[in-house]
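Down below are the structures I want you to see.
Same chain, two partners: subunit A is paired with subunit B first, then with subunit C.
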Partner chain A sequence: MADIAIPYSAVAAKRRREGLTAAALVGPATIFVTFCLLAPLVILFRYSLNEFVPTTKVMVEALTPANYIRFFTDPYYTAILATTVRVAVLVTAVCLLLGFPLAYVVARTQSRFKHLLIISIILPLFVGNAVRAAGWMTIFGTKGAVNATLLWLGLIDAPLQIMFTETAVIIGIIAVNLPFMVLTLQSVIEGIDRAVEEAAFSLGAPPGTMFRRVLWPLALPGIVAGTILTFILAMNAYATPFLLGGPRFKMMAPLVYDQFTKQANWPFGGSIAFILMTVTLLLTVAANLLLQRRAAR
Partner chain B sequence: MSKSFMINRRTALGGAAALAAGTVLPAHAQDNKRIVVGTWGGDYSRLLAKNIETPLLAPKGWDVVKDEANAPPRRAKMMAEKALRRGTSDIQGLSANDMYEVNEQGLAEAIDYSKMPNAQNLIPAMKYPYGIGHIYSGKVVLYNPKLMAAPQGFADTLDPKHGNKLGIIDIQYQYTMLAAGLASGGSVGNFDPGKERLLACKKAGARIYPSNEAFAQALKTEEIACGIMWKARAVQWQNAGISVATVAPKEGVPMYVSGFMIPKNAPNKAGAYAYLDAMMAASAQEGFAVDMGYNPTVTNAKVPADVQERIGFTEEEKKRLVDLDYGYMGKNDTAFQEWWNKSFKA
Partner chain C sequence: MIALLHRRARRWALNGAAAVGLGYILLPLVFVTWLAFFHQEIPSFPPEGYSLRWFAAILDQRKFVSGFSVGFQLAALAMVLGLALGVPAALCLARRNFRLRGPLANLLLMPIIVPGVVLGTAMYVFHVEVENGLDMDVIGTFYALVAGHIVIVIPWVVRLVTASLSGVDRATEEAAQNLGANPWITFWRITLPAIRPGIVAGALFAFVTSFGNLEMSLFLVGPGRTTLPIVILQYLEWKIDPTIAAVSVVQIVLIGTAMLITDRYVKLARVV
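Showing the complex of A and B:
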């Protein structure tokens, strides 16, 4: 075959055109992320190093770690962080426990109503968190549906205090996060060939062993994704803890809002926001590594 | 591609500039007749439209746009816009206490009362240098007459003897601390003596509600029997069928003034003055008294006698009206919130 020489300049021009096309494709997203996410984060971080004058509620330019030190040395704030992590872990665990069987059934069903099942899982997402929390408020109130039913059945003598408790918040966040877990798991389980499970059964594996040795490892990418998604959403929950937790229950996201709006303390609010982000990131990475290491074993 | 369709840097920049100029110019022209009002949502916003915007401003060609939210986020927005030459709102509704604080933060325009003809009727105490008092009420004792006898004042109400029948509103922390202070020998400039009293109430089971509305709901379901709140709110709740009566406390009736101010960087100050002037019109003030239960801040408003009896204060009670020490409250607000969140609510 005869060699056909392509002039160097033509190759260079082609590469330049390809480069420009790639830049045009990546550009908008990059600009969006830079201006709408990174720039505010940089500004927020800078604010978190400023000082705050409580008597005039004015931020003063400075370069001090005082806000971070204040957070970690005051048991009031560390307790709020601990509550947030506790609630997020619990919510994630319950979502996984409730979500996996449901996702499995939805993924494996041959019913012609499968799409209705999926829609019924997605449907709650059409309602905003605040509206859903308002719904829970009517159920959990002293004269709400739960108490009225229990009183009517004679199971209790006096109304139970459900509103403004940690239990109410946990139930509320689980209801918000469960569809995210189910949808993530369902799409992964659907990709696992049913024949693999049948192979395990035909080789004599009981259902428990099949789940532990076959289904769980194969579904792990979905489990990791669903867990991360649910955990991050729970760590950053705002409307549910604010409305169902009441004035005495505090989680990190409402605390950030309080500092910015009620106290006008932007430096401290900024530092709490960064602490929340960092803790969420570290715990997510740690959980991810742990799960992957277990899977590799 | 033919060269005539290629867009170079200059054409792109030129086009963008032309587009930007095209979008900015008409908006600027419209601003002259557009007033952006930052206000609380719900009844307040609805009544501003009913009593001020529709009857007084719309006929003169003013177009009002509302930015509805509670005061803290609107204050945060003003703070965020501090460095901007043109802010996004022309007037902001805030309590007298908040107006004092935003003025301290350098956000408020000094009010030129000569620009508002209706200001001549404004009660002198409501003429703040940084804003006008729009309506006022007083902090009184609320109780359910079906469940208990009338308390005498703050000391009789903020008392551990009521156990979990006493309701306290979280967002009213300043006035609750003031009331407890007055009940325990403190003053408008010293809330500290009331702290022990509040802690004792909480220990006895006092219930804390996140909002005024949640407190009203608890009164309605008889979860609580007493608490403290603005007299105007009690009137609204009476109108809503809730069994609640009021007592002007013997220790003094702390005043609550709701006002409006102009941000320093308001884009349409002429519009802002037009709005403030309309707020002080007698008809608008009378409307607010009837619909919302607050007292007018102008001397020429004529409130029907039966309404006046329910929303106002007797001559004897008027002597007990207490104006607040906004300087003390502003300087110590952060400390109040710290105590309230960490010690009282913990």
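Showing the complex of A and C:
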């Protein structure tokens, strides 16, 4: 309304000034990220279309989809992709199952020590994957805690091989991703009014029904966000499969590293990186659509 | 009476399930801490005795000390520069309405979504191109590493500062301007104090994200300039022993302390 009274040129000048400050504020970060993230991704994509001569280990400029075709036609590589997706789906499901009760309790607790509870969930995140893998190595080793306990109980005669198995990797990645799931769910559950739950109870709903009809639908945005985050992280896990899976067990991220640094095959490594990113994105979008359609019904 | 028992039982079941989740998260940290105090070098259970000698052994291995100091300098630099770039960007994204706002916000948050190995490989080939194009040392230099780390800390700063800005009522800023304060004074006296918790949290997250980054850094570190997580990873590839456990404990204690201190300024529960 006020704009009408001001002459047009003054409005334009004000707009231009505001536009300039906006550019000055957001410009540097944008330029930096464009230069240091987008440009590298474009170059990597360009590299992935190049040719690689294995005998001389030299990259030859070309414009060929050969690297992508090689990945999808070689059962060795498609098996690694399948393993990665299988592990990620399993990890995500377990994280949701284990994470929901914890997130609910953290969100609803009145305790004075709530902040300590939150810190103990965040702390492992920041301590790093390698350190947590070290913990699992202590537990899973031939003379580790699990085997020592089972031997002592007389349940087994010889130590079990737990290290360097898919099970070890899955257990490890669950522990890595669980805090992300819990924190995402907790923030959403905290936003749900306690009174809504109590209303359901006072209308005679048993806890199961309350959960299904009230809590779950209201928490769905958090569940979707947490699931997507956990899935993406599991697809891209590097340190845990590298350390707990050993040299034989392969997932996509360690494969990219191998191709890139050990084989020096930049074009193929680059194409695997893009395949990993695209598959993750497609599966995420598909799951998102599916969940939203079910929520709409 | 029975109804009350039922409710109690449900309460216990819920708390029990939550305890399982929390225990799962903390289990590896508990065991790595336990191992750090073992007397014998082999991680076999039960321990033959306890000792503190592995903590002294850390200092004998130069790579741990150097990894820590490189990582610390790197994280500090990435944090400061990330704040310098990220805080103004967050201000703009939260307070202005312009056509490119959505795409720009997505661009600045993108480094969180792009996998670490993809970031690392992409930056590496970028450094190769720049080095060839400009004829100067780029690959494996400290500054190239810092640039990479700034990219991964910007999203955290933008996210946390934007979140705390959305809690600030615009009316206070408008009131200040109506009372004659210019935009700079308004920012300094009204907006900045209100978003200080967001900035502190952003700084903390930036620091720990950078300090703990492994996947991307693997591709960017040069000889003699390795960060602590990479040193730990490369050590664990060969063996697990109380020395590396002691290094882990030092890291756990340092990060835990940093978080407890930050928690006094901002409630972590509210910013994560």
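In this text, the second predicted complex is superposed on the first by the 291 of 297 C-alpha atoms of A that agree within 3 Å, B and C clash if a C-alpha of one lies under 4 Å from a C-alpha of the other, contacts with A are read in each partner's own complex, and residues count from 1 in each chain.
Just so it is clear, a contact is a pair of C-beta atoms (placed from the backbone, for glycine too) under 8 Å apart; a residue touches a chain by one contact, two chains touch by 3 or more.
All values reported here derive from a predicted model rather than from experimental measurement.
Student: Taking the superposition on A as described, I'd like to know which of subunit B and subunit C A:T73 touches: first, second, both or neither.
Tutor: neither
Student: Examine A:K262 and indicate which partner it touches, taking first as subunit B and second as subunit C; both and neither are also allowed.
Tutor: first
Student: Using the superposition described at the top, determine whether subunit B or subunit C touches more residues of subunit A.
Tutor: Per-residue touch count on subunit A favours C.
Student: Report for A:K143: first if it touches subunit B alone, second if subunit C alone, otherwise both or neither.
Tutor: It touches subunit B and subunit C both.
Student: Given the touch rule stated above, what does A:K114 touch, subunit B (first), subunit C (second), both, or neither?
Tutor: In the superposed model, A:K114 contacts subunit C only, not subunit B.
Student: Give one of first, second, both or neither to describe whether A:V105 is in contact with subunit B, with subunit C, with both, or with none.
Tutor: Only subunit C; A:V105 stays clear of subunit B.
Student: Return first, second, both or neither, reflecting whether A:S9 touches subunit B, subunit C, both chains, or no partner chain.
Tutor: neither
Student: Taking the superposition on A as described, I'd like to know which of subunit B and subunit C A:S202 touches: first, second, both or neither.
Tutor: Touch partners of A:S202: none, neither subunit B nor subunit C.
Student: Where on subunit A do subunit B and subunit C both make contact?
Tutor: The overlap between the subunit B and subunit C interfaces on subunit A comprises residues 141, 143, 242-243, 260-261, 266.
Student: Quick check on the complex: what are the subunit B residues that touch subunit A?
Tutor: Residues of subunit B touching subunit A: 72-73, 75-76, 79, 101, 104-105, 170, 208-210, 221, 223, 330-335, 337, 341-342, 345-346.
Student: Which stretch or stretches of subunit C touch subunit A in the complex?
Tutor: Spelled out, the residues of subunit C in touch with subunit A are 10, 14-15, 17-18, 20-22, 24-32, 34-35, 42-46, 85-86, 88-89, 91-93, 96, 98, 104, 107-108, 110-111, 113-119, 121-126, 129, 147-148, 150-151, 154, 158, 183, 208, 212, 214-215, 218-219, 229, 232-233, 236-237, 240, 244-245, 248, 251-252, 255-256, 259-260, 263, 267-269, 272.
Student: Using the touch definition from the top, list the residues of subunit A that touch subunit B in their complex.
Tutor: 54-58, 76, 141-143, 242-243, 246-248, 250, 260-266
Student: Give every residue of subunit A touching subunit C within the complex, in rising order.
Tutor: Contact set of subunit A toward subunit C: 18-19, 21-22, 24-26, 28-30, 32-34, 36-41, 43-44, 47, 98-99, 101-102, 104-106, 114-115, 117-124, 126-139, 141, 143-145, 147-149, 172, 174-175, 178-179, 182-183, 187, 207, 232, 235-236, 238-239, 242-243, 253, 256-257, 260-261, 266, 269-270, 273-274, 276-277, 280.
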